[in-house]
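Next, two complexes with chain A in common: one pairs it with chain B, the other with chain C.
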Partner chain A sequence: MVFSPDLISGVLGFLFTILILSYLIGDNPLFRAAVYIFVGVASGYAAAVIWWQVVVPRLLTPLLPAILTGSLAEKIFILVPLLGAGFILMKISPRLAGMARITMAFLVGVGAAVIIAGALIGTLIPQVEATINFFDPQAAAARNIGLAEALANGTIILVGTVTSLLYFHFGARPQADGSMRRFWLIEIIALAGRVFIGITLGVIFAGVYAAALTALIERISSLVNFLGNL
Partner chain B sequence: MRVFTAVIAIAAGVIVLGGYFFPALTPVQTLLLNWAIILTGFAALVGIFNLIAVHTDKVRRAEKGSLYSALLVIALVATLIFGLILRPQHSFMQVALNGIILPVEAALMGLLSVSLLYAAIRLLRRRMDIMSVVFIITAVIIFLGSATLPFGDVPVIGTLIRPWVSQIWALGGARGLLIGVALGMLTTGLRVLFGADRPYGGN
Partner chain C sequence: MAETIKCPNCGEINPRGQAACKNCLTPLLSVTGELNEDAAIKPGQAPTKKDTAELEPILPQWLKDARDASRNANEADGESLQHAKQPSSASGEDLLGGLQAQTGADEEDEVPDWLASITGASPKPKEAEAETPGTRWVEMGGSDDFEKADDSETPSWLAGLQPTESQPNEKDELTGDWMRETSQPQESQPPEQIAPFDTSAGDTPDWLRQMAADAEAKSEDLNAETPQDAPELPLDAPDWLRGLGGAAEPAQNEESAGLSESGAGESEASLFSAEIPDWLKSPAPEERPLQDTTPPWLKNEMQGSKDSEPPSEPKQEAAPAQDDALGDLPDWLKAAAPQSSIFNHSEEQAEPESQAPSDTPDWTRTVAATETPSSDEPAPAFESASAFTPDAKANGSLEDLFTEMPDWLSAASDAPAPESAPPAAEDALTPSELPSWVQAMRPVEHAPAQPSSTGDESLESRGALAGLQGVLPAVPGFAPTSKPKTYSNKLQASDEQLAHAEILEQLLAAEAAPVPIESFSSLRTSRSLRWFLAFIMLGIVLFSLSLNTRIFSMPVGVPGEVRDAMLAAQSLPQNAPVLVAFDYEPSRAGELEAAAAPLLDQIILFSHPRLTLISTSQTGSMLAERFIAGPLADHYKNSGFTYLNLGYLPGGQMGIRAFAQNPAAISPLDMYLQPAWETAPLEGIASLPQFAALILITDNADAARAWVEQTESLRGDMPFLVVASSQAAPMIQPYHDSRQVDGMIPGLYGGALFEQYNAGRPGTARTYWDAYSLGMLAAMALTLGGGLWNLVANLRDRTLNREAK
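== the complex of A and B ==
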């Protein structure tokens, strides 16, 4: 008797879904076992993907040609990450773990630069531009929106943006009674910010809840289908 | 060593950041990013090796819950060995993906629906302030407005209020939060590039 991969996937999926959903009756050993196996399989799968899709094509495959026939620059370009990888692997040994700082410093520096560029080019400038565009009469006309409606919506968004940002201003001054309190104007603006943040989190909550409910329905449907096909 | 690591972090960061604004630096930036991808891969592998080491140690000491740790180590090592030999595209690895990883992720996501409902009820019972009330009312409006009912959308709420709340009012708050997060990221990144923060070791 030959078991097809689809059949094995179906049986495993059925079993693990039951084990995970058993958490609904309370924390139990079966749920824990399923979660630990999941973490193990997912980590092993991730390690295999990293090996075959990052390490082999970017480091190991070009290594031999670069060393045998490459120019000096090509040799350096491939040997530097190899050296860095060696430093990182020293983290495994407690005595040599300090050497990994060199590679970690490089990664943190590159990461910081990518974060700065991402925050600036990917978030700050586009978000500010999008807020300004709500007050552009030509953009409103292109979207078939009246000028008054565009201005009203733009004002709500601008007020929401500014008050939400100011909600996180926590600078406070000492009062006569010794307590620390924010400036009264900031308090009023922060109150408006709380309302806007409450609305935003409510919409996000509804979206996440709808996605979670969809996943639950899909899992229950897969259980019913599996039993029906037996 | 402290000064050396700081110099490496700042130099790498400045060159990569410069590559976004000065085209002459783009080839060097691409090279450094390629190195960073390789080294991040190795860092992840070391992290997974550490996971094996920690749980193997728990099993060796026969600590509480060591049976679960044994399951984790067996599952991890087996998947890793088969993955290294057969490659992730092999049908055996696809069984692990479609039979364990995806169903467990979806089932955990499904459990989240119960947890979220419970958390929302607890929020109303424990903290009844303006933000909680606005939060719950908004969530209810969005649910009612998005519900697929036999007769179509709920009048006014589904056609008028829900789009207005989610596309205008929520956008204002979301934009404020996004800009705040971006400013925080910018500050954190600049502190690293100026050498004020050294999370790679050294004060």
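== the complex of A and C ==
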């Protein structure tokens, strides 16, 4: 009997699917074993990918040519990351862990700059503009949307955005009876924002449920297909 | 060793080993530590005190009487006392200590031989030592002098006084240094060989002369009564002094008689002229009643002196000394002083001494006289190189000499050794038993004088140096000028702040506090409900998939984002380079493969794009390969579809930004480490906008936002399509509404929509659609049913409670 790779992968997939589904009866060693194996395999695979797809092709392979025949810029581009990687490896020793701060400081600084700039350019400003443009008839016409629909969509989005933001306004004043209560207008708007937030959470829950259901369907389908192919 | 110790303060006899006097509590134990052999006293180092009270019992009685007399004396002889005080009383002590020093070789008895002979004790025989003039700087005679005196039946002290003329070859052995020096001209003596008694320049010690006179006077008095009987001398008189009683004996020879006459009353002028010691002339012959054992040189000396001096004058001078209470005190120490000063002083003070006993013994006065040589004569050589260490009690009174000091020998222990002191005979002493006064005379290393440490004698009363004296004072500039400020470590908080802190503590404690289970029935209900729900979902899905039902129709009504995605996919040119990013986890592979397969199938089917795959997660490249080998396997196997997998793109958003700026530099190799940008899929591509479209497959809204944000300003007009999971689609929807994302396919629903417009090709979405639809219905029904159940249950409980009330 010859065991093809598809058969072995199918058996393993079936087995581990059953082990994961055993969580329905509660936490059990089979489920934990499957989880541990998955974590180990995933970590090993990630390490292998980082070595073969990052360290070797981006650091080691160009190192020798850059040192021997590369220009100054190429040498710097190779040696600086190598030096930074060496600093991070210093975290192995508690005494030399401080050396990693140099590289980490560089990563944090560059990462913060990239993320903040990207958030401003790619999210905040375009989203504010999009919210404003919902009331632009020309923009609606360009999108083949009628004026009424555009106004309705814009109104809903505007109200939902404002009321949701006001919901998170927690400023309050002490009352005569000693209790703390927000201004009545803010209370009303916050209530509307609470409705919008509830709807949003319902949509997200539905999306999570739909994604989980799809994953379950895929696993059950694989089991059915595996059993059907036997 | 003495079994008792006499208190140096009160005279109380204490047993040996007593730490303090039982009468006056004066410390009795020796504080002298052991000395290292050949250890020299450093400059500034005080010699260790040595308790020599043990020598008290062996002191001669005449010395004890002299001390007692000094204690009992109410009035001091002003002139003589002043004269004695001016130079230094320590000189006399040092002189005596120096005498003690020459017997220091004997560690058991620190009593010098001459002293032992005086007290009647038999001196211990000693080996002849090779003496060096430089080391024997204080001595009265050779160590063999007493033995030789025994042999010749002459007093030991007399035996050591061999004239240099008669026995020049035995001078070094039989005569002391001082005696040798007396026979030599004073000018020829080197400073190193200066003896303390050489100032007399060959004269006789005065104490011997006085003893001789004393004995002669006594003999005359006794002869007046009983001329034939020798008078009994006091018991405390030494043997040799008793022997002086022989002066009353009838048997006398001419030499001895002549010597007695000349020795008793010779004048200083005659002594200098004849260079014969005074003491040689008087008592020695009287000690030889029967035999003439006097050496020839002595005979010559006596004969010479007899011929040159009248015998009457010395007797008149010696008579008052006998009446003195200090008559027993030997005046031989006076010989240490210059002869002129001694005799001048004795002549001037002869009358006062006889009338009023002085507190000061004669020998101290004579020593004092040695310290102040006469101005008429040149200064003795030994003054420039003092043989004795100066005493710390140089200005002290003689009363202190006998009362405050432990004994008369230890008085010199406190004196620091002068730098000019000649080296002592250390090899002849036992270091461990050296008395303090010997230590005081030990040579001091030549070194620059240490600054006096007595500049600051303040006693520290606080701090780590409390109890120490003479420590360096604190620098005024560093002293605190004000009291240091104190800071309270008590938290300054108002009552309101404390109340808020208490509330916070309660909240934090409530988080960690376990919540007791109100009833296990609810727990069992929850577990049953979970099993029930699982059974429903598994049953529905298994039923639909196993039966491959087509109960539910595919969705109709394409939403705007899906429509835009279809338009973008259909608008792709042929053989256009398309970049596909796989950024999802393996757990979402089933959903995203079903959602993205219709899009990529349509694109491959109609546009034959050159796909380039990339991923920002480690598992993305594997999922991309899985995707090609799974949903797109038909195209890959049958239609010659080619693609390039660039693999993992590290760096997160920074990596995406870098790739968007210069993709060829960031990902030069594919996942198999082959040059990527020279292959067919990437032919003619050098930057991101050169791709015909960017398709992102992700299950994470943050990943979609990262790609949107970092490629916003770089992708240009390149279509950006997103295949998102159902859980991420609501978050990505605003980016489509803002035109940042050109099209989006939300989960299985979007895949099912797109699949309907894929030229009727079967897809995974349709396979899953019934199960998906049943599961969504079941979920809605269960959620609605559960909500209604809770509503009914609450209404029932409220009704029951209302009825109960």
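In the analysis below, the second predicted complex is superposed on the first by the 210 of 230 C-alpha atoms of A that agree within 3 Å, B and C clash if a C-alpha of one lies under 4 Å from a C-alpha of the other, contacts with A are read in each partner's own complex, and residues count from 1 in each chain.
Keep this in mind: contacts are C-beta pairs under 8 Å (C-beta built on N, C-alpha and C of every residue); 3 or more make two chains touch, one makes a residue touch a chain.
Since the structure is predicted, the reported quantities are computational estimates derived from the model, not experimental observations.
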Checklist entry - More residues of chain A in touch with chain C or with chain B? => result B
Checklist entry - For A:Ala42, is the partner it touches chain B (first), chain C (second), both, or none of the two (neither)? => result both
Checklist entry - Looking at the overlay, what does A:Tyr209 touch: chain B (first), chain C (second), both, or neither? => result both
Next on the checklist: Tell me the contact category for A:Leu64 with respect to chain B and chain C: first, second, both or neither.
Outcome noted: neither
Checklist entry - Should A:Leu24 be classified as contacting the first partner (chain B), the second (chain C), both, or neither? => result both
Checklist entry - Is A:Ser221 in contact with chain B, with chain C, with both, or with neither (first, second, both, neither)? => result second
Checklist entry - Once the shared chain is lined up, is A:Phe196 touching chain B (first), chain C (second), both, or neither of them? => result first
Next on the checklist: If we overlay the two complexes on their shared chain A, which of chain B and chain C does A:Trp52 touch? Say first, second, both or neither.
Outcome noted: both
Checklist entry - Is A:Glu129 touching the first partner chain B, the second partner chain C, both, or neither of them? => result second
Next on the checklist: I'd like to know which partner A:Met180 touches here: chain B for first, chain C for second, both or neither.
Outcome noted: neither
Item to check | Overlap of the chain B and chain C footprints on chain A, listed as residue numbers | outcome: 21, 24, 42, 45-46, 49-50, 52-54, 110-111, 114-115, 118-119, 121, 123, 127, 130, 200, 203-204, 206-211, 213, 215-220
Checklist outcome for this item: The residues of chain A that touch chain B in their complex are 5, 8-13, 16-17, 20-21, 23-24, 32-55, 58-59, 77, 80-81, 84-85, 88-89, 91-92, 98, 101-121, 123-124, 127-128, 130-131, 153, 156-165, 167-168, 191, 193-213, 215-220, 222
Checklist entry - In their complex, what parts of chain A are in touch with chain C? => result 21, 24-25, 42, 45-46, 49-50, 52-54, 56-57, 61, 110-111, 114-115, 118-119, 121-123, 126-127, 129-130, 143, 200, 203-204, 206-211, 213-221, 224
Checklist outcome for this item: In the complex, the residues of chain B that touch chain A are 1, 4-6, 8-17, 20, 31-46, 48-51, 53, 65, 68-69, 71-80, 82-84, 87-88, 91-104, 106-114, 116-117, 120, 130-139, 141-143, 146, 165-166, 168-183, 185-186, 188-190, 192-193, 198-202
Item to check | chain A partner contacts - residues on chain C that touch it in the complex | outcome: 530-531, 534, 537-538, 541-542, 545-546, 560, 587-591, 593-594, 618-619, 621-622, 647-648, 650, 652-654, 657, 668-669, 671, 673, 699, 705-706, 708-710, 712-713, 725-731, 734-735, 737-740, 746-749, 767-768, 771-772, 775-776, 779
